[in-house]
Amino acid sequence: MLVNCVAYQDGRKLADIAREDISIYVARPECFVWVALRDPDAAELEAMQGEFGLHPLAVEDAHHGHQRPKIDEYGGSLFAVLHNIEMAGAELKVGEVDLFVGSNYVLSARNRAEPGFAAVRARCEREPELLKHGAGFVFYALIDAVVDRYFPVLDALESELERVEERIFAGHSARANIEALYVLKQKLMTLKHAVEPLIEAVGKLYGGRVPQICMGTQEYFRDVYDHLIRVNQSIDGLRDMVTTAINVNLSLITLQENETTKGLAAGAALVAVPTMIAGVYGMNFKHMPELDWQLGYPLAVAAMVLIDVYLFFRFRKSGWL
Amino acid sequence: MLVNCVAYQDGRKLADIAREDISIYVARPECFVWVALRDPDAAELEAMQGEFGLHPLAVEDAHHGHQRPKIDEYGGSLFAVLHNIEMAGAELKVGEVDLFVGSNYVLSARNRAEPGFAAVRARCEREPELLKHGAGFVFYALIDAVVDRYFPVLDALESELERVEERIFAGHSARANIEALYVLKQKLMTLKHAVEPLIEAVGKLYGGRVPQICMGTQEYFRDVYDHLIRVNQSIDGLRDMVTTAINVNLSLITLQENETTKGLAAGAALVAVPTMIAGVYGMNFKHMPELDWQLGYPLAVAAMVLIDVYLFFRFRKSGWL
Amino acid sequence: MLVNCVAYQDGRKLADIAREDISIYVARPECFVWVALRDPDAAELEAMQGEFGLHPLAVEDAHHGHQRPKIDEYGGSLFAVLHNIEMAGAELKVGEVDLFVGSNYVLSARNRAEPGFAAVRARCEREPELLKHGAGFVFYALIDAVVDRYFPVLDALESELERVEERIFAGHSARANIEALYVLKQKLMTLKHAVEPLIEAVGKLYGGRVPQICMGTQEYFRDVYDHLIRVNQSIDGLRDMVTTAINVNLSLITLQENETTKGLAAGAALVAVPTMIAGVYGMNFKHMPELDWQLGYPLAVAAMVLIDVYLFFRFRKSGWL
Amino acid sequence: MLVNCVAYQDGRKLADIAREDISIYVARPECFVWVALRDPDAAELEAMQGEFGLHPLAVEDAHHGHQRPKIDEYGGSLFAVLHNIEMAGAELKVGEVDLFVGSNYVLSARNRAEPGFAAVRARCEREPELLKHGAGFVFYALIDAVVDRYFPVLDALESELERVEERIFAGHSARANIEALYVLKQKLMTLKHAVEPLIEAVGKLYGGRVPQICMGTQEYFRDVYDHLIRVNQSIDGLRDMVTTAINVNLSLITLQENETTKGLAAGAALVAVPTMIAGVYGMNFKHMPELDWQLGYPLAVAAMVLIDVYLFFRFRKSGWL
Amino acid sequence: MLVNCVAYQDGRKLADIAREDISIYVARPECFVWVALRDPDAAELEAMQGEFGLHPLAVEDAHHGHQRPKIDEYGGSLFAVLHNIEMAGAELKVGEVDLFVGSNYVLSARNRAEPGFAAVRARCEREPELLKHGAGFVFYALIDAVVDRYFPVLDALESELERVEERIFAGHSARANIEALYVLKQKLMTLKHAVEPLIEAVGKLYGGRVPQICMGTQEYFRDVYDHLIRVNQSIDGLRDMVTTAINVNLSLITLQENETTKGLAAGAALVAVPTMIAGVYGMNFKHMPELDWQLGYPLAVAAMVLIDVYLFFRFRKSGWL
């Protein structure tokens, strides 16, 4: 679905143009065209391939989807695949953003991604000084927008870990904690798969042999690179903490088992000792003088109670009860 | 076994040719010959060595088999070893594909691999524009076909992990889960051994000093490279999750043991307390007034029942039963 | 908040200057201005941007805060973000120090950081020989001051680990130890996030293509680099030991559980055996000769006691009690 | 001990020569001398140092032994240390092979290594075409022979792991499995110490600045390199699996403990419930109507049996027995 | 404390000289001065700084101590910090050796290190051929001496691991083993901190841009480098084995707990079953025919004994007792 299609010149919007007129504007070296597609089908991609002369391999990748993030150079043009990640409730929703960029066109195609790039376009149009840099700057602005969306996701995952940590040390619901940590690790893997491949790719846009399109905007790409490194570093830190938390949780479960066993032992002792005494006086020997004592029974019961009281306080003191 | 043997010129099939005529066509610089072997024996390899002038070390490797994946350059020719991986039921079946490529020949020899390359040949012949690139393009198409077969294997392993994950958190059959995770890890190692060495090898075919044969098709090899990186990244992610799942499973087993111990303690208490009371009134003291009460027995039993009911609800409340 | 604002020439302080006069001194190539801000708001940063011609991206980063440590080059000027880490009781307090450095100005802005840089300024003014190097030397002195603050933090964390280690092997409060180790790991991550990104950044200031500003002071930056490497190495060592300590703690908990179980088994035996004997002589068979013996009862009790004494010493010997 | 000493020219054996005549042949640029020593003592090494002008550091290393594998270049000559690894029963026997190679000599000295290099010599002499390459080719052939001996060792270790894996999942002798896995890991470390340092060293013999001696035989050294990489990759895979197997074994032990505890709980219940009932009817209350019933006793026993049968089947169903 | 101070020329000792005469000899380009200090105080270091023109940063580092190992280049001179590690009983004693080297002086300052360098000096003076290389060779000889001291430490730690391994598999004192493994890991960290930073530093002395002072002695530094790599590799291997040993120990503790639980279950059964039978015949039913049998009692006891004998052998057979 074509979202919009605008021609720009000298950092200013010329006009919303019809899809049929794209080739006219692309032919004029002083302007560039910025087309936004949403969940495009094969026919739309093919049409765009015709207008902009996109490389067949890039179009094929965009069509198949489920690519890893990357930025490929085809002659003078660039093809980028980004993962768009949003929180959908507690789940991560992974969409894909494909960007085709040439010296005078930018084509963005987002798939399975709720938020669009209207805000990016608006911001670019508000800053003609920057938009003058042309397609390269739009390319930066789009990547920056996608990367900026990783931060709230990361924050959500950090909060999730903090919630689980609290529950772990409060001793609540070990089973739920284990599952929560595992699910959290899965989400971190998903986010990492979006971020890690991009780092190297974006790194090439500001250092070393910079593609012609990105000339003059390297500092902006370095900024994106810094953001990616920061996200990636945080992901690695979180993953490490999740692994540690799983181990810590195991330690706490083992500790709790230990305490259960201690409780079992103490409880068993409290019941077993009186039972043993009762057993002794339940024996049927003819000659058991205590049985004939007037105070035999109260004394026996008192012994039971005293021993238990003594045991109870010893167990309590040593933390077994 | 010779599967087929075809000469091509200008991207089009010239003719199926007899093995004896190979040298004739190889001698003509404008065409190239594409020979496909299946489970070749030493004699067949030797014959081919004669026709194409293959390097002795390459032929020896192909003969011995069980090589690690690699792409070697011998003068102007290339020798590639690939692992062909298929699902055979729940098992992985590892075959080997050896590719010998020169400026005007491609020799593929597959061993212990069910699926052939007829589809690759058909696709190449349908696209003469691409086939014009010559032996290098066929080389790409064959590697691409083998690498594409890794994806369904990867998907199968991912589904396998998901099935085990479900069973883990549903609390089913911990023993079977452990074994399943271990077997899954073994399969991931097998797949990794097929993928990892290829990454570096294929990387050299599009960046740096590109072999003459691959000139003009670098973008295709970069595409294969991207696929390999993606598979490898997914394997690493899966391996990490398998390790985590083993730990999580251990935590859950420990937790379950904890619960067993709690159940044991609670059950023991429910039985031991009435036994103790019974023991007390089983004592043979002469002077035990309760024994003479009309309601002594019902009261004792009632005490047993009430205490057990109380304990039962306390244990239930604290989750021990 | 403007802390102070001083102009220097030839390694000596010229004068405290008013904010309005900054541009005058900056315009004189033979002097440089050193401005210190504390928790600056947007307006202050903007004003400084005007005075020194700071790069918009750098100012934006300083304004947003929560950057990862880095040193960026913008044309001939440098922008550094450092994490200031202090112990606030047992907690780590993370502040941020932003440094803007040009050929004849240094602007430091610290956020959420208690200690200022008055000592650095004093030290620099005491050593005109060194201060003659200009803005680059001040830049070094500021980074050095922040990095030097990592050492007491590291020492505190090392002491913390030692305290936990002692408690672990003394067998005290396993639960508190686990939590302490986890919190310690979190702090180490925080410190690592401050140190690790700086290493590469500072490395570029003395080796390879050194920025013009740092020319002549490379040896000082190598010194900072050495300190950073040392801190980082210690952090990694500590992290490894924390992980090991968590495992060791788990082993000790499991071991203790083992001992609890042994104690339970031994205690149960000591009580159950006399109970069994009592049970036997509590049977109501008509023909039980022992019941009629004069010494039946004392013998039975003696048997109970002797067996228990024997068991007690055996259990004691094998460490079960 | 001097094993043999032969002069070669143009890829053909000239003659077995006496040790005294070595210098004569070494002086003739068109031939090269190949000397094989076994467990040489200091005097023998010194004599050879004289004949071939070996570097003192290399001779010292060979004399001391217990070097890590390496290939050092001393001017135009090479000195290689290899670990020779054989299976001696279930143990690994680590020997050392020292190779001194110059433009027209090869000196091999093996220490604590059973198999010699007679087969290598025979193979070289059968292929004069290859032997024409001179000392470099003999150097390759010797390294290749040592490296080829790693494969059966690796296979033995793989079989060992498979045997332990089977025993683990069959539930046999957990203690023996743990020890076997630990010993297996030790052996893998030993093999890794032989292989890993060689990889980098051999890599330098075919890529980058190749020593003069190895010129023309790079493809052979690349072959050795491939073998080393393959061995190393397999070792890493095995190590990873051993670690996983240790974890899996721990999980299974924990699981088995869980089952033991369940069995204990179930068994205790089966015995404790009838004991409780018996206790109740063992009470001495005057007024216990059941005691006077004609069918009291059989009913009580029937209740015990029925309850136990019921419990037994419930425990059986839930897998506790 | 000044240990000694000697001037050398042409590889031979000229004279023991007074501290006051150092500057005279340093001024003569054909000789070099070798000064050895022990636990120098600030004044001594300052004096030496004056004599040799040492770099302030280097002197400051030497004064503060507790540096990480490193080799810094200051203009034409080198400054090395080494950790001297000795076994002090079972503990590691970490000292520091600071080396200042210029074209015609070597200043060694050891701190908290028992063994001196008299042996190094003696060896150097015995080999004038080598000493002719000048300060660079002395530099090598001193580093070599410190590095050689790591080997006995490493051997001691290896023996320590072997002792713990034996105790682990012999099942002795799990608690002591855990602590021993933890302490061993701490020592390995200490040794690693001494070795690892040196590797890169020494590597620069024989490859790449070699400092002028080390020209002509690169092969010696490569030898030191090899030693360092070997130590480091052994440390890593040991650390890996320690981690594995901790896991293995945990497995064995868990296994032992399993066996304890089995013993508890079996013992409980042996006591509980006779108790149950006794309980049954302790019931007070009027109509219990067995109670009147002449053989009732012996039969009941025989039943108890037989059941226990049967259970005992079953438990024994299945390894529970």
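Quick notes on this one:
Labels for the chains are A, B, C, D and E, by order of writing; each one numbers its residues from 1.
The rule we apply is simple: contacts are C-beta pairs under 8 Å (C-beta built on N, C-alpha and C of every residue); 3 or more make two chains touch, one makes a residue touch a chain.
Just so it is clear, the model here is predicted, and its values are computed rather than measured.
Separation of chain C from chain D in touch steps, taking the shortest path, is 2. Inter-chain centre distance (chain B to chain E, centres taken as mean C-alpha positions): 40 Å.
Centres computed as Cα averages put chain C at a distance of 25 Å from chain E.
Within chain A, residues 247, 250, 254, 257, 261, 264, 268, 272, 275, 279, 282-284, 288 each touch two or more of the remaining chains.
Contacts between chains close into a ring here, every chain touching precisely two others. Listed in ring order from chain B, with chain D immediately after it, the chains are B, D, E, C, A. Within the complex formed with chain D, the chain E residues making contact are 165, 169, 219-220, 222-223, 226, 229-230, 233, 237, 240-241, 244-245, 247-248, 250-252, 254-255, 257-258, 261-262, 264-265, 268-269, 272-273, 275-276, 279-280, 282-288. Those residues of chain B that touch chain D in the complex are listed here as 55, 57, 61, 67-68, 70, 72, 74, 174-175, 178-179, 181-182, 185-186, 189, 192-193, 196-197, 243, 246-247, 249-250, 253-254, 256-257, 260-261, 263-264, 267-268, 271-272, 274-275, 278-279, 281-284, 288, 290-297, 300-301, 304.
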